[in-house]
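Below, chain A partners chain B and then partners chain C, in two separate complexes.
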Partner chain A sequence: MGLLRYTLNRFLQAIPVMFGIAVITFLLVNSMPGNPVDVMLAEQDASPELIQAIEERYGLDEPLHIQFLNYIGFSWFLAQIGFPGFADAPPGLLQGDLGLSMYYERPVSDLMLTRLPPTLLLMMSAFAFALVTAIPLGVLAATRRNQPADHVSRIVALIGVSTPSFWIGIMLIILFSVQLGWLPSGRLVYPWRDPSHYGYGSTLELYYQTVRHLILPMIALGTLQMATIMRVERSSMIESLQKEYVKLARAYGVSERKILRKHAFRPSQLPVVTLVGLNLTSAIGGAVLIEMVFSINGMGRLLIQSIQTHDYQLVLGTTVVIGFVFVIGVIITDIAYAYIDPRVSYGEGS
Partner chain B sequence: MAIGEQQTQEDEDSGSEFEPNVGWRHTLSKIKDDTTARFGLYVIAIVGTVAMVTTIDANLSTITFGRVENFTLAESVWYHPERHPDPGTTERRMPPFFVEGGSLEHPLGTDRNGRDYISRLVYGTRVSFFVGIVATGLGMIGGTIVGAVSGYYGGWVDDVLMRAVETLYAIPPLVLVIVFTVFVSGGDPDIIYAVFGVGIAFIPVFARLIRSRVLSVREMDYVEAARATGVKDRDILRRHVIPNSFAPVLVLATLQIGVTILIVAGLSFLGYGAQPPTPDWGEMLRISHQYMHSNPWMSIWPGLAILITIMGFNLFGDGLQDALDPRIK
Partner chain C sequence: MRRLTDERSRITRRQAIASGAAVSTSLFLAGCADDAEEDLPDDDDDTPDVEGQLNITQQVAPIEWDPVVANDAYSGQIYHTIYDGLYEYDVQTVDPQPKIAADTPEIERDGERFIIPLREEPEFHDGTPVTAEDVIHSFTAPVEEQTDNMPDFDMIEDAEAIDDHTVQFDLEFPYGAFETVTLATYIVNAEARQDDPEAFNLENPIGSGPYQFDQAEIGEFADVTLWEDYWDEPSQIPSIRWEPAEDDAGRVSRMLARETDVMEGIPPADWESIEAEDGISIEDTADTGVFYLAFNCQEGPTADPDVRRAVAYCHSTSAFVDDVIGEAGQNINYPVGPTIAEEWDFPVDEWNDMEYEFDPDRAQELLDNSDAIEEGDEIRFISPPDDLREQWCELVVDRLNEIGYGGRVDRLDWDTFTDTYQSGDADEFNVYSLGWTGGGDPDVYLYQLFHESQAGVNQGHFYESDEFHEKIVQARESVDMDERRELYIEVIEEILEEVVWIPGWNTLSAIAYDEDRVENVLPDTSTTTTPRMDLPDAALR
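Presenting the complex of A and B:
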């Protein structure tokens, strides 16, 4: 039972969850009374022919269960095998097609491709910030238990878990961009774009500007993660420092520094890895708010915009993709866990 | 240490000062000794009292006068947060008193409609406090039922429920609550939908925890005994399994109230939570966000209020956890 097979298994287990996400979001979005077209054309005096034409274009003239089969792309399979009644079914979720956005009049999947990378960039940098700050602080707090350093780090952690991320964002903007004028207050510079798009001379300047634009949203989103990771790192380090083999190493006269590095640190990272996986949901939720505060055109802002414009297909698409991002993120952390910890059994083959 | 010594030591411990290791008296006495937990409890008590008084005031005035604009307490103290002042009577977006242009008449200044900021802050306590508790309570009840049934019966019931819970868990709470609030309310969001939305979004967290507890409680002798004497499954669950699995759930609930307040503040910040003119901290931040340049003070106070409230619940929750679980320190 190798790591590869374990990975494959985890993906297979995720299939019912992904299907469930599609079901829940579809039901939620369709729980609104009335039809998206009515809402969209509410102000305009549209003729019945126009309404019918639009409904047909978006497949809204079908009954709800057929709409769902169309959405997940099951109808498309039925059409391929020539099942009667599904002759011209469109491709759906299973074929990677998320439908057509009514507001943008573009395929939803196209929009995802432009909006997902900024969100991923933001989240990854926030987690990087959280890990880089929280792990040393957590270790420091554990080694100086009940000393000033420990108390300070616990207070920081407490404030970190108690503060709304978007408020931290607002405070950072007020301090660093409005009052001091050091950093930009919004929008991101994407490192994958051509430097000339922003009017920068070189790639180096592009990266520099990317970092400058990322700092504030990264801190705002990462603070909560930092606080929770620091707490877990501290308690997990304390636990491993009390283990028998650490005592034995001490008795043998191994230096304290070497004990920390070789014996205590590595096993203490396993709970942290689990926590990062679990924290993905709060990070995605936080990203929605941070994107609104910093005007970043990511998935979260797209979700809010799609709700404001009553773009049902887009709401459905963003929610499903956000759910999928979470599921895939958890799988990745599970695999990382199995990779770090040789004791993890990969489960039975079935 | 000799074995004999250890024996006497243990005898002494369980002798004169004997207290059961689990039980509420023991927990409470431990919290009493814990300074931080006590501090958390004080914060909760203060915030709770403010929330209670403002709620009673708001409802009483509505009942007695039949109009929302009449508020007994607030009328006598400051401008009521839900009352729009007459145009021209107060300056809009006045800064706090310690900044030039402010006055002690409105210690923290006024908002964009000329309403006193500090009374809006005080009245904003209601929404955060009660939504935090009620929504978390709903999630706790729902999660306890799902988790206990799932853990106790096992088999296909467990499989089905756990897959459903995993699915729900995969949608980030804030996203789920936004979509729930907007679509279930039919495009007319209100805080009550947020309460149910958060309740549903929290079912997985509680269900997972209680399920893991029930799995071990289920194997206990007293459950076996109850089953042998022919007690119905439903009664076993209600009388034996759930009460004996409940302590960690209570800790989680206390900590989760903080998360609820964070989510609801975020929801209001996006405009899908409490609707104006109801004073709410998240809503106040949504408005003040537009005046970051001209009046940064407006953004500071509601955030501080949220921070202090959540900190109270977190401190108390941590203390409760330490008291209930002797392993963690």
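Presenting the complex of A and C:
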């Protein structure tokens, strides 16, 4: 089986998983106590007519099973084939419509499209920071095992793993923004915007400010990833360096540098690749907090706001999309794993 | 498709890693370098350098700009600069003054008809004059479109334009707060709004206020620019940008790092440290809100007024407010905001003296003598997800435990909390802790929070007393201010004597600002107009 077919298979297998995510999320959100309309109209002398009008506007007056069919988008299909009782059914998840946010009064998909790029920018830069620092440090720790460099690396990793990212963020802000005044304390400058939007005179200035605004949140979010990747890199490298073929290479007089680069490094990256894929979830969780601390207008902040405002459709939409992103992350990890490791088959019987 | 060869994949990975490392390193160095290229901006200023722009940090992101639809305070902070009200409150008061209206309303038919003359000079940002039809649309659209603001206008039976600059409202019943609350409504451009309501709300709001809407990205920023043809005295600040920062630490850091000029939403715990910072000042004023403990007067042990008095005696609300709220609020012992009390000349000193002093012996005696509770019985408190209100409940429960009577506090999410206190079920709660933002008239507190028609809606105390409820309605349906005042005093004194509530505190409406950047920017009595940015005195230094 080729890589393409393997990839297609993995995506096909993901469909029931994604459907399961949508079903479970829908049921969980609907099992939350209270009525979202009551929360929306808290502190108001709302008449029954107003409550009914709002419930109708958001489809909350329908029975739960109809709400589910509407949400998934089955009702829309039934409407297309003229099934009685579904004439005015709205498009749903299958048609790419995640409903209307009760708080923002905007389509959920529109809100997410504007919030996804900042989160991706933050996560990608955090992972870049993590990989660029963790891999050299992990290799260094493994090759200098039980020496001062190894001890320092392990202490750094231990601190990184055990310190909450939001706390690191707050400390970085206090030190570099409030005390030293070197870097901005929050929000991002988006490189895809026009420089005049921020009052900057040139694209260079825009990029420069993008980097300056990105440094603190990138470090805050990337530290945990850096620490976990470094620990795995170190142990994986140590294991590789003890393999028989490495000993054989040494016996043949191959230089340590070449052994490290050619024989030990590559197989050591397999656990790292797995870890990076699976760490997407913790990175999304971390991004929620980091976006709040640094006032970054991303998906994490949107999720928190949707929960705080009991925005039923938005909670559903963000949770489902984050679930989908995780599934896609796992698939990409599997594909990368298969691509890197020749021992991994594409599913053909041996 | 064929599998990629090992050789090709190895080169790709190496290149990717190498280029990634190079890019990341160079980005990091570029970002940190203080002596970067000459054409790069000054590192000391992280606020985008837009000349003449005032930057304000909000604690919650605004969402929309049409006052017919919007009902959140943080959107109001922006659109109060875009629209003029028919009447507007003087800064830091709840005294409505004519703005688009030319004079005070003429009241006929015992308070069921209001005739309002309009000024001729106000114009909208698109150059069209403000007419009676615009006023009528602004008052009737919330009901016709069943927006969230419908309850504020549903007493209007009919609205009619007598001529282009005179409007007449007929009410279903005489409504005392119509003059003090309802008439302070923002006027929208009816034609523009009706052409495309969604665009009007989200992209192109048109009012007649001192600023024009410029651009906004929800959750990120909202910009307004000075309207040079403003019909009234113009502001001195060329443009304003609001940016939200929900996290307390992040918001305070922005202020301390001087990345914003003004910050609203000062966390009580950070009040002193911000005040101590050189170059940053805090301005505050009482707002219209009130936080309180309310008892279940219908069922359970707290149906007995002596049990309620015992709960009041077993702790000191004023000591709690001093210790926990500190400079961010003030203790009050009446169920309306202090600005309302001041405006109506209520006897607040007398009411504050009625506060139950901490007297555990008296509390124990009342509980021992009550048939509604036995030693060891639990009084159940519920709190919304708010630390201060939960702490208040916990303090009372600790004190009850000390005198041999139990209690427990359940912190509930908003949905569950609302459902629970609305139920009036003593198995679910005996006391609840809540707050109310109020408004420009006592009716907004006393009818909404105490009248029997609001039981299970806005109030869960279910307090019963025919005369009490009659007085509330009588005050609501009178336009004789003296009569209303006397009735409200009687109602409030009954609330305090019967301990339907234990009033707690009023939070101060406050802003922190950079002294080197701004002057005369003031907080207002309402979060919706804090900081007050439609005043001509506010300026950048």
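The working rule: the second predicted complex is superposed on the first by the 346 of 350 C-alpha atoms of A that agree within 3 Å, B and C clash if a C-alpha of one lies under 4 Å from a C-alpha of the other, contacts with A are read in each partner's own complex, and residues count from 1 in each chain.
Note that in this section a residue touches a chain if its C-beta (ideal position, glycine included) is under 8 Å from a C-beta of that chain, and two chains touch if they have at least 3 such contacts.
As the structure is a computational prediction, the values presented were derived from the model and not from experiment.
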Study note, to complete from the structure: chain A contact check, chain B vs chain C, more residues touched by chain C
Exercise for review: Based on the superposed arrangement, let me know which partner A:I15 touches: chain B (first), chain C (second), both, or neither?
Suggested key: neither
Review point. After lining up the shared chain so the two structures overlap, which partner does A:L302 touch, if you call chain B first and chain C second: first, second, both or neither?
Key: second
**Study point:** Contacts of A:L64 with chain B and chain C, given as first, second, both or neither
**Key:** neither
Practice item. Answer with first, second, both or neither: which of chain B and chain C does A:T25 touch in the superposed model? Key: first
Practice item. Return first, second, both or neither, reflecting whether A:V293 touches chain B, chain C, both chains, or no partner chain. Key: both
Practice item. State whether A:Q209 touches chain B only (first), chain C only (second), both chains, or neither. Key: second
Exercise for review: Check whether A:L158 is in contact with chain B, with chain C, with both or with neither, and answer first, second, both or neither.
Suggested key: first
Exercise for review: Name the contact category of A:I170: first (chain B only), second (chain C only), both, or neither.
Suggested key: both
Review point. After lining up the shared chain so the two structures overlap, which partner does A:L131 touch, if you call chain B first and chain C second: first, second, both or neither?
Key: second
**Study point:** chain A positions touched by chain B in one structure and by chain C in the second
**Key:** 32-34, 39, 170, 173-174, 178, 292-293, 304, 310
Exercise for review: Please name which positions on chain A make contact with chain C in the complex.
Suggested key: 2-4, 32-36, 38-47, 49-50, 53-54, 103-106, 111, 114-115, 125, 128-129, 131-132, 135, 170, 173-174, 177-178, 181-187, 198-202, 204-205, 208-209, 211-212, 214-215, 266, 292-295, 297, 301-302, 304-305, 310, 339-340, 342
Review point. What residues on chain C touch chain A, complex-wise?
Key: 1-4, 6, 9-10, 17, 20-21, 23-25, 27-28, 30-32, 34, 36-37, 39-41, 43-44, 46, 48-50, 53, 61, 63-64, 69, 71, 146, 148, 150-151, 154, 201-202, 217-220, 243-247, 249-251, 253-254, 256-257, 259, 413-416, 418-419, 436-437, 448, 454, 457-458
Practice item. Quick one: which bits of chain A touch chain B in the complex? Just the residue numbers, please. Key: 16-17, 20-21, 23-25, 28-34, 39, 158-159, 161-164, 166-167, 170-171, 173-174, 178-179, 235, 281-282, 284-286, 288-289, 292-293, 303-304, 307, 310, 315, 319, 322-323, 326-327, 330
Check your understanding: Hey, which residues of chain B end up touching chain A in the complex?
Key -> 163-164, 166-175, 178-180, 182-184, 186-187, 258-259, 262-263, 265-266, 269-270, 282, 285, 289, 292-293, 296, 299-300, 302-303, 306-307, 310-311, 314-315, 328
